[in-house]
Amino acid sequence: MTVYSFYIFDRHAECIYKRRWLPRPTSIVGKSGQTPGAAPVGLGQTVKAGDDDAKLVFGTVFSLRNMVRKLGGEEDNFVSFNTSQYKLHYYETPTNIKFVMLTDLKSPSMRIALQQIHINLFVEYVVKNPLSPVEHPGGIGVNNELFEESLEQFVQTRVLA
Amino acid sequence: MAAPPRHSSMMATNAGAPQSGANDRQQVTQQSLTPQPTQGLRVPSNRKTIYDRHLNRSRNAESSRASFAYLFGEMVTYAQRRVTGIQDLEKRLNEQGYPLGLRLLDLLFYRSTSTSSSALSSSSTSSSPPNRPLRIITLLHLIHGPLWRLLFQRSADALEHSVSPDTPNEYMITDNDPLVNTYISVPREMSMLNCAAFVAGIIEGVCDGCGFEAKVSAHNQPTEMWPSRTVFLVRFGDSVMEREKVLERNGVK
Amino acid sequence: MLHTQAVFSLIIINKAGGLIYQREFQAGLRKLSTNDYLVLAGTFHGVHAITRSITPKIPLAPTTNSPAASPGTSTPAASSYSYPNPGASVSGLDYLESDKFRLTCFQTLTGTKFLLFTDPMTGNVETIINKIYDLYADYVMKNPFYQLEMPVRCEAFDRHLGAWLRGRT
């Protein structure tokens, strides 16, 4: 399977982390891009073209999540959707942090994976990091080395599996 | 490609795929007229116009139910323009059917005789003259059976005489599921409307063509099993009833 | 395998995003007001377009140095990426899964959307939706009293749809 991109949204509907992968798992297309001047070499164009992707992705998952709650009741959860081209996976923590991952259609359910990213990576390396602020405006505190590297590793193992 | 069906066989539809009368094609027109280069008439490349075909060619031909549904839908939509009410609309549908009934009658007689003759021998062209119905019951049986089969490939479902002594001139023909209404849902505010008024018009045309003055109307009589059950009420004129009495006295069948 | 054939409800959205049909077949989802359904239809219409626009684009070749990697491309800017699944046309949301239901969206070539809410375990949703489209083409589009893009009030459609779904289980 292939992972195309990964987003984290905080409870203020802000995108605090965003990462994209090329279909070939080894090359990283771009990192969060929140800090100016951190444009990745060579493929800056692609990243720029999708700069407001995060907003669209948020709008989509937010609307769909509300729709699911409305129809299925408060305890229902929006899990994923498919188009003819990609699959979007969604996981929301009780603290209202939303994890979103776009993969190819062959991907199995990534719900557990997203949950693991939350528990094993986000909580461990961001929440428990004493240097990281409580809120992450503009992605501060999330884009630390430990988190990014372990996320990369986590996705790699998934992709190869 | 299926031959363009003539108007008369337009309604001989079936749920199955449209079949052109492929086997009829062989026997079509030996008498091909020396084709005159007429400008107005569209002549197919094989020089055989619709007039060159044998009348029985489309006898077993079927036309697509969908084509008919769209066509009839447009007819209803057309009739709906500039109408003042349901009765007006039914009258228009009736008027659309009436000439069809008149013309259809000739084909019906032609076919009913040519079948019997061709059953004996295909070469014999002389056969007993078509027996035009003289009595009401014969006429109604003609409508209930052959006409219905020509139009819908099945007989009508019931034929009744009015039980009321006040209206001896009223007869009812029932169709449990009229083909014309298959896809039609009448809006609630027009619940009295029955688009089979068109078929009523055809029946009226057939009756008139046989010399039976009549008024025919279509009425909804839904049952649980047949939600679009329709009763065609045939009301014969006084002159017809009078003649009927005379014929009965003289023992004419 | 009990209750795996449940079909909860059907929504039809016209090409402008307006709700033209809503019907519940089996209980399982919460009941919404007519107004909520109208909002849902409009929202879904918009979201459907967005899900299509956020399709990942895969660069065909590194844009900086691509020696003859993409010959014959007249407009390099436009054709410098492809979609993940080039075999299929780019669509919006096809189906959505939640814990309690599955929402399948079928869009006709003319832009009408059929939204079918089923149990997540219900199989052959494709067949069901195709049949619904069939019935729609027959009993809605062939009805002379139906005005295009307007709410569907066709008794024959309701009747046949209900009968077919009942006969299916």
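In this document, chain identifiers A, B and C correspond to the written order of the chains, with residue numbering beginning at 1 in each.
Operating definition for what follows: a residue touches a chain if its C-beta (ideal position, glycine included) is under 8 Å from a C-beta of that chain, and two chains touch if they have at least 3 such contacts.
Because the structure is predicted, anything quoted here is derived from the model rather than measured.
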Indicate which of the five shapes (line, ring, star, complete, other) describes how the chains touch one another. line
For which chain is the distance between its Cα centroid and the global protein Cα centroid smallest? C
Separation of mean Cα positions, subunit C and subunit B [Å, integer]: 43
Dist(centroid_CA(subunit A), centroid_CA(subunit B)) in Å evaluates to 68
Centre-to-centre distance between subunit C and subunit A (centres being mean Cα positions), rounded to whole Å: 26
By the touch definition above, subunit B meets two or more other chains at residues none
Per the touch rule, the subunit B residues reaching subunit C in their complex are 66, 69-70, 72-77, 80, 182-188, 190, 195, 227-228
Please name which positions on subunit C make contact with subunit A in the complex. 29-30, 32, 36, 40, 43-44, 46-47, 50-59, 62-64, 81, 83-85, 88-101, 117
Going by the contact rule at the top, pick out the subunit C residues touching subunit B in the complex. 138-139, 142-146, 153-157, 159
Subunit C contact footprint on subunit A (complex, rising order): 2, 4-5, 20, 22-23, 42-43, 45-46, 49-50, 53, 56-57, 59-60, 63-64, 67-68, 70-73, 75-86, 88, 102, 104-105
